[in-house]
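Following this line, the structures themselves.
Shared chain: chain A. Partners: chain B in the first complex, chain C in the second.
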Partner chain A sequence: MFMSELHIVIFLPVIAGILLFLLPERVFTLKGVLSVLVAAVCLIFSFILYFETAATGTLNLGKEFFKDGSLLNTLLKQTESFAAMHTDNLSKLIVLFVGLFTLIVSVYSTGYLFPKIRPRHYFSYFLITAGCANGAVLADHMLLFIFFWGIMGLTLYKLIKGHTSISASTAKKTFIMIGASDGIMILGIAVIMHLGFPLSISAMDIHTGSFAGVAAFLCLAAGAFTKAGAFPFHTWVPDYASYAPASSSAFLPASLDKLLGIYFLARLCNSMFVLNDWLTLLMLFAGVGTIIIGVMMALMQKDYKRLLGYHAVSQVGYMVTGFALGTPLGIAGGLFHLINNALYKSGLFLAAGHVERLTGRHTIDDLGGLSKVMPVTFFSVFVFSLAISGVPPLNGFASKWLIYQGIIEFGEGPGLANQLWVVWLALAIIGSALTLASFIKFISGIFLGHTKSIYRSVRGKDMLYCLPQAVLAIICIIFGVFASNWVIPGIIQKVSGDFAYPGIWESSTVSVLVMISIFAGLTIYWLMRGRGFRVDKAFVLGETQDHKTGGYPSGEYYKTITGNQVIRMIYRGAEKKYFDIYDIARETVLGISKRLSWLHSGILPVYLIWIIAGLLVMLIIFM
Partner chain B sequence: MKEWIPLFVVLPLAGAFIIPVAGSVWKSTGRVVTPLLMLFLTVFSLLFFSFKPQVMVYYVGGWEPIDGIPVGIHFVVDGLSVLMLAIINVIAFAASFYSLSYMHRFTGDRYFYTLFCLMVAGMNGVVITGDLFNLFVFLEIAVISSYALVAFGIEKAELEASFKYQVLGGVASLLILLGIAVIYWQTQTLNLADISVVLQEAGNHKTLVFVQMLFIAGFGLKAAMIPFHAWLPDAHPSAPAPISAMLSGVLIKAVGVYSIMRLFFNMFAISYEISMLIVIIGTVSMVGGVFLAIGQWDFKRLLAYHSISQMGYVVVGIGMGMVILSVNGDQRIATLAITGGLFHMVNHAIFKSLLFLNSGALEYRTGTRMLREMGGVADQMPITSASTLSASMAISGIPPFNGFFSKLLIIIAAVAGGFYLIAVLAVVVSFITLASFMKAHRYAFSGIPKFKGKNMLKEVPFTMGLSMVFLASMCLGLSLLVIPFLRDLVLAPAVDALMNMLHYSQHIHGYTL
Partner chain C sequence: MLRDIFYFLIFPGLLFAFAGGGFLSWFDRKVTARLQFRVGPPLLQPFYDCIKLFGKETIIPADSAQGLFFLSPVFAVAGAVLSCVLILLPAFGMTSGFAGDIIVVFYLLMIPSLSYIIGAIASGNPLAGLGASREMKLIIGYELSLLLVVAAVIMKAGHSLSLHEIIAIQQQQGAFIWSLSGILLFIVAMMCVQAKLAFVPFDIADAETEIAGGIFIEYSGTILAMVKIAKSVMLLALPSFVAVLLLGGLYFYGIHIFWSILKILGVVLLITLVRNTNPRLTTGQSMRFFFIWMNLIAVVAIVMTYIGW
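Right, the complex of A and B next:
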């Protein structure tokens, strides 16, 4: 068949994106509407694709249109030899979610991107990104994969407007890190070729017993880690989240980059390579390290978009941990968490963008009590926050639960990594608790308390903003409530393989219990209303809270952590970017550059001496 | 077709004489004649791709060989020469078309076009000649006109750069001339094919090694390999932008790398030691150049240092092929390495010329070359911004641009050939390249405008814009060369010319072992 779902989900957005370059920037809304249409079509076809059987084959590029043996025919025929595609349950699932996020974010972007923060040709790059993401997920040939994957780095760079020096620097840093990781992946591919494996992702099965095998794995994993934003290659994510338009953050670092990075990591850990014990240990270490570092940094943030950026890092840790376990339970947990995280994290970014758009403020302390003026956003954020913190019965809990169970089950194995299961479990749970802590800060600082007087006139019920958030929130609830009886057996186990569902956890029953208890609580409150209560001043952080100022000073909540000398030093170092791999590399390179420039004095006799010396050295060696 | 080969030299040479003479009557002669001439040569050189398997020989003045011994000068066009001719003339066309608007800022533009034609004649001559001394003569024609063109702005900095360039270039020419003299003393002939035959009979000895050292130093200087590179960072930025594009885009390849390839593959017998030396020089240039580049704040100077680094890639690719051939290693890996090197050379010609044209466009509108004094021009200059971005992506090896594929080939060949360190270094250099171009974008195109006259900023004139768009589309289009069919058409004949080392002399000389 010449036109298939694959053609549409890959080429339609890319071609539409290229055509949108031709429309002038003035008709931004028109471009937005067209993008929404394209995204909707893609989503429909992703759905159709999802229900088709898995297949491997080459993408037909239309060679039939040209005479056999003609120039274009030969060209297309040879191009097709690189266009090996492979669909299985994992890739179809990822494509489906790429389609979903493309649609949701395109709707939001049409309303959100006002001219001052709007990157040029936003929707063109947006659609190209979506098409390339699908291409990368469906590609079976490594070179085709890296081709699509690399283009996404470029579009990521183009989706942030460098109109101020700080946003320009952020764009630069992001692209350098992503581009560098792509380079490392090429090295990995070269090693795989050297080992004599065909470059087919589905057929690869490399043992990491040899040095070359380990090197290839590490090179490719570095690419996946950078894309997904896992420690130690995560440092672009918080910066991007702070200075890019919220729609771009919601689209790439929060959803598509996660989907792709973790998709590739899943392929690496569970089908392309057979991990040895040390690599499993390393991956688990990276996983829990990411969780803790991300969340500890998030706790201290005052800028709410940056706070979300650090959580975008922290959550990746759970997925890495899940896939590193390598058991069906772990894979299921990692995959489910990937989808859940993309849902609530992109929702949080959309909400943050909404708040920023209406108030123009970046720090939590400047805000307060917005729940009354932005009810839909507040409801969505409330759901997202509970989900990300792993509060039952929401989806975040369901996937974390699987990961915890996976770790416990993993502990029965004989290896060193298995013996340390308590460590992984403890750190994962602590990370979850700290996430809750930082979201209490987020929600109470922005939405709770009395509305600050300057925000009383804010109109926060615009459909274009609210609808995408509400849709995401509802999906979060559905995925949580029906986790154990529909989502996990119906979607996740198709990918991860079957496993005995652990424990007596049953999501719908628990949801009903939770509803009953909430209802009971409300009833008690209603019955007791006006009796046995006294109204008193509120105390926050040991001080009386003044009603008139509105909001809570939640920016100060966790300041006491820095009371510890060591922790304070670490935070100071992190603020000065001592631990940022990008800054370390930058300083090193510029240092060497400075030394070498010093040799280039511009004095002619010195240069002459170099030439003569070069010639002499060669002569001495060879004569 | 072979009767027409001399046109590559004759036409630009004729142009160089007509322009100053006719230019005194009709001032626009140069502006009209040069681009047309270059367009004709471009089309003409591309025609030659259709005769790929043949080695075409033209006997200048009808001096046919006597008893198989060449007596006159030969012009030889084989796969490698065709590739070089295409690069030279395509870039020359783009640069001359760009100059139409750009050179308005300078007086005496007819001398500019005269020198331009002369330089093209010299470069075309270098790549088609089959005679060692003739090669030297054409080389001098090309570089002497480039000395003058570097000084074309006649400001203090330009004159100083040109002076340094002349002195260092003169040293290189002397070394080359000395090498040629020794060769002539040893072999009593100057015909490349004939020398090759004589050398095969004579075997390898010390004098030959000495000559090879002289050539590596001399042509290495022309190709700006570290430690012979010091003239380049001064000379290339000082020239007018289209000339910088010609110098970095083609001159260092045509007179430097091409000569090294031609002489070491087709004239000398390849030895392991010399091949390793070439690989090492290439690696040092690749790494050293990029470290020097990233610290620069003058955009053109940054580009100039990148030329050193990128030519390092080319030389490494070709050198690895030489090493593998010299130890009779896997032919396929050698082919891959040489293909990667040549592919990168073609790509570098396109993207580096484009980058210099972009730097000219920026200087044209902002009046400065310093990155820190520009800023925020992306919105007003979309064509410049987009074409610079594509060239930057190409040089940094980001898909879907051409540089990605050539670097990919080089890295794969390096790993497959066992040059693991080189593979790692190639990747690291690629990061730093990306970083330095991101720096250029961040300061030149993003952020807040800092230069004078920012309110009157607009896109560059038509001819400059069109040249840049033309080259930018080639940055994308040349990616297709990775497809076997096009690779066989364009790159493979050149690779074959190098791989079948003796074929060149056999064909011309009729000599068989």
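Right, the complex of A and C next:
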């Protein structure tokens, strides 16, 4: 029974995706509807799988379709030794959420992708991605894992190409970075093979005492970091967020890539490898570094999709920090934050796509006052923004709180990384405050203030757009309100193992009290209505407000921060991409090839000199 | 649950906190008046102000997002009262009822400021927007300093997050302020409280003489009364927080009641004195003040705590 569900969640979307290639692009809506159906079936089966007991098995690749003894039959039989599958509570949970996001984003994509901005064969690649994500999460053999993982890199590229004229170069950058990281991961697998460990993920237990062990860990972690978008391999995420269709951003960098990258990181840190003190320290540095760098960049962005892209980076830092702690509390925090982040971040991308679709503008300063014309989107964005900023009693607070508890508990240990707990805690919390700051800018710039007359006629209540966002917002609220008495003990602790809380957070009680306050507040307003409520123009010190020039530009909210010279220099450097690992690598490679290009002068004597010199060197070596 | 609601609405929640906060606000105004050689208001003036505001007409700005504009003062009151209850229950030694740890209190204490910001940007007034951006920058400034104080207290209390235990440890070993690091932490905590209450020199967000009330510029009538209630409650919650963290807590029995009131009044007196003797800082100055100087002092205090001073 278990194997049949496993086959369905992996192969149904892949096969459906391949079949969708056959349908012409004209029937895009039909393709969308079919994808929604496939996604719904997959979600049901992931749900069934979630309640099955953990098991190990082998993927059936279909050898019975071929005659016994034939070439293909023999080949498939041999291949099956690589097709080991394993489910445990972690992988089942991830598969469940992959299913949920596939369904939600496929509903949204059907409405969102109008012909001009549509990447070719969008839904084919979309479904293949979903299937491969499930495959990677459920695979037990490292080679099968890297196979599924690699295909996701390719589909990521295909889901952006053809969106706009600029998106081609972004697609290339993404592909090169993801591809390079996959290459490094294969190197890591080679080191593990060299060390003589079996390539089964569930059975691996490598100590990082030796150089080779550390090298293998770092190679594999680089892959996980790139996929999830953690510092220093994060630079493709903001570009992808700005230039890809919002539905692709919501699907891959915001949810599926995070789920996968952090899933693999969790496996690396907590079961495949035993981290030594220095690696823990390094991971914690990477974690808090990602938080701060991501959020500081987000603070200054004027393009709202790019702002979200930097937050997609910043939030990964919390998860990396949680898993790097290695304690059940830290793991629980990291995992809960992973799920929460996928919920609100994909929701935010969907909302950003909705805004972009209706207004055609990319910068915050061009927008304003949209809360009146798109109320559902505004409500959802408000919930997501508070959740991502960790405002109690929403879900983002619950998971961040777990991570903070984890850090404080971790601080009781004797190691250097433990003793530095104040640093991790301080940077994580200031990151949270900065997140709040940039979302204040996001909300106020896009949704609040004066509604420009060109946006008055915008019709922002389309069900296909609003429903996915509203569903995600409601899940965010539920996960927040019932965090401490249902979600953490019922879902998260099943994966992380039991732990005792050092602190106390009663999410439901607080939520009830907040509800009572809202009710009481509204009652007071209602009782006082007799005294009169009058709508009048805003008071601007007695002057008349010119809406063309007089509004406060939200894009400039945090300009004071760049008043500091050091910070200004860092921002300028970042704008010129001095810190982008992709650009650094590109400049290095191009620089070297430029130096070497004088060899290709086209002059025969130069070539001859090199040939003779080479022969001489060979002669000296082999003599 | 009913008991929690009682705690929340009556004691030590809304009713008690508003009464206490109103008294402290009178105390602040009276001291200010005496410093300026004026007579000052009568004891019940803060309550009269509120009652009067409830009876006034409320004006809603045309460009506002009305739902948020109305609800954010309610959120401010809720956040202030929740944090006040979570601070005062352990401070009074009441172990039953709902509870929260120091990190939860730290986060809840931010909600009133956040609500003011949201209310301000929802009003659609450019001056309120200006005030909101200033308030947010101020939060970014002091949040780290206050967190470092909290972290140092957690360290002193042997990695305990419960306010009950923090008070219990101070009962055994003496209040945390009686050490070199404790004094430094108290200085930083007081500055953070000053900024959280938006008192001079950190009143940049509502700077009345400059941006005419900034974040509160559009509030009037009933909704302004809500803001006043939230501010009063915060005036009790924050000094109590400092008292719990560093001054050995508050007690609600016998002669200790007198000492507890003195502690709170002492803290409020310090705040009042600072606010009456300083000019307003600019946004950049106050961010620098917290980011460089207060954080430096807090880090020194943490290092001192680490080596046992």
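Rule of thumb we're sticking to: the second predicted complex is superposed on the first by the 572 of 623 C-alpha atoms of A that agree within 3 Å, B and C clash if a C-alpha of one lies under 4 Å from a C-alpha of the other, contacts with A are read in each partner's own complex, and residues count from 1 in each chain.
The working rule: a contact is a pair of C-beta atoms (placed from the backbone, for glycine too) under 8 Å apart; a residue touches a chain by one contact, two chains touch by 3 or more.
None of these values were measured; they are calculated from a predicted model.
Participant: Quick one: is A:I186 in contact with chain B, with chain C, with both, or with neither? Answer first, second, both or neither.
Facilitator: Touch status of A:I186: first partner only.
Participant: Going by the contact rule set out at the top, does A:L541 touch chain B (first), chain C (second), both, or neither?
Facilitator: second
Participant: With both complexes superposed on chain A, which partner does A:G415 reach: first (chain B), second (chain C), both or neither?
Facilitator: Neither partner.
Participant: Give one of first, second, both or neither to describe whether A:L590 is in contact with chain B, with chain C, with both, or with none.
Facilitator: After superposition on chain A, A:L590 lies in contact with chain B alone.
Participant: Is A:P489 contacted by the first partner chain B, the second partner chain C, both or neither?
Facilitator: Once the two structures are laid over each other on A, A:P489 reaches no partner at all.
Participant: Go through the superposed model and pick first if A:G209 touches only chain B, second if only chain C, both, or neither.
Facilitator: Once the two structures are laid over each other on A, A:G209 reaches no partner at all.
Participant: Once chain A of both complexes is superposed, is A:G497 in touch with chain B (first), chain C (second), both, or neither?
Facilitator: neither
Participant: Both chain B and chain C contact which residues of chain A?
Facilitator: none
Participant: Which residues of chain A touch chain C in their complex?
Facilitator: Residues of chain A touching chain C: 369, 371-372, 378, 382, 390-392, 397, 401, 404-405, 408-409, 411-412, 422, 425-426, 429-430, 433-434, 436-437, 440, 443-444, 447-451, 502-506, 509-510, 512-514, 516-518, 520-522, 524-525, 528, 531-541, 545, 550-552, 554, 557-558, 560-561, 563-564.
Participant: Touching residues of chain B toward chain A in the complex: what are they?
Facilitator: 163-164, 167-168, 171-172, 175, 206, 209-210, 213-214, 216-217, 221, 227-228, 230-231, 233-234, 273-274, 277, 288, 291-292, 294-295, 376, 378-379, 382, 393, 396-400, 404, 407-408, 411-412, 414-416, 423-424, 427, 430-432, 434-435, 438-439, 441-442, 445-448, 480, 483-486
Participant: Applying the document's contact rule, which stretches of chain A touch chain B when the two form their complex?
Facilitator: Per the touch definition, chain A meets chain B at residues 74-75, 78-79, 120, 143, 146-148, 150-151, 153-154, 162-165, 167-169, 171-172, 175-176, 179-180, 182-184, 186-187, 189-191, 193-194, 586, 589-590, 592-594, 596-597, 600, 602, 604, 606-608, 610-611, 613-615, 618-619, 621-623.
Participant: Contact residues on chain C for chain A in the complex?
Facilitator: Result: residues 1, 4-5, 8-9, 54-65, 68, 70-71, 73-75, 77-78, 81-82, 98-104, 107-108, 110-111, 114, 117-118, 121-130, 132-133, 136-137, 139-140, 143-144, 147-148, 151-152, 154-155, 159-162, 212, 217-218, 221-223, 226, 283-284, 287-288, 302 of chain C touch chain A.
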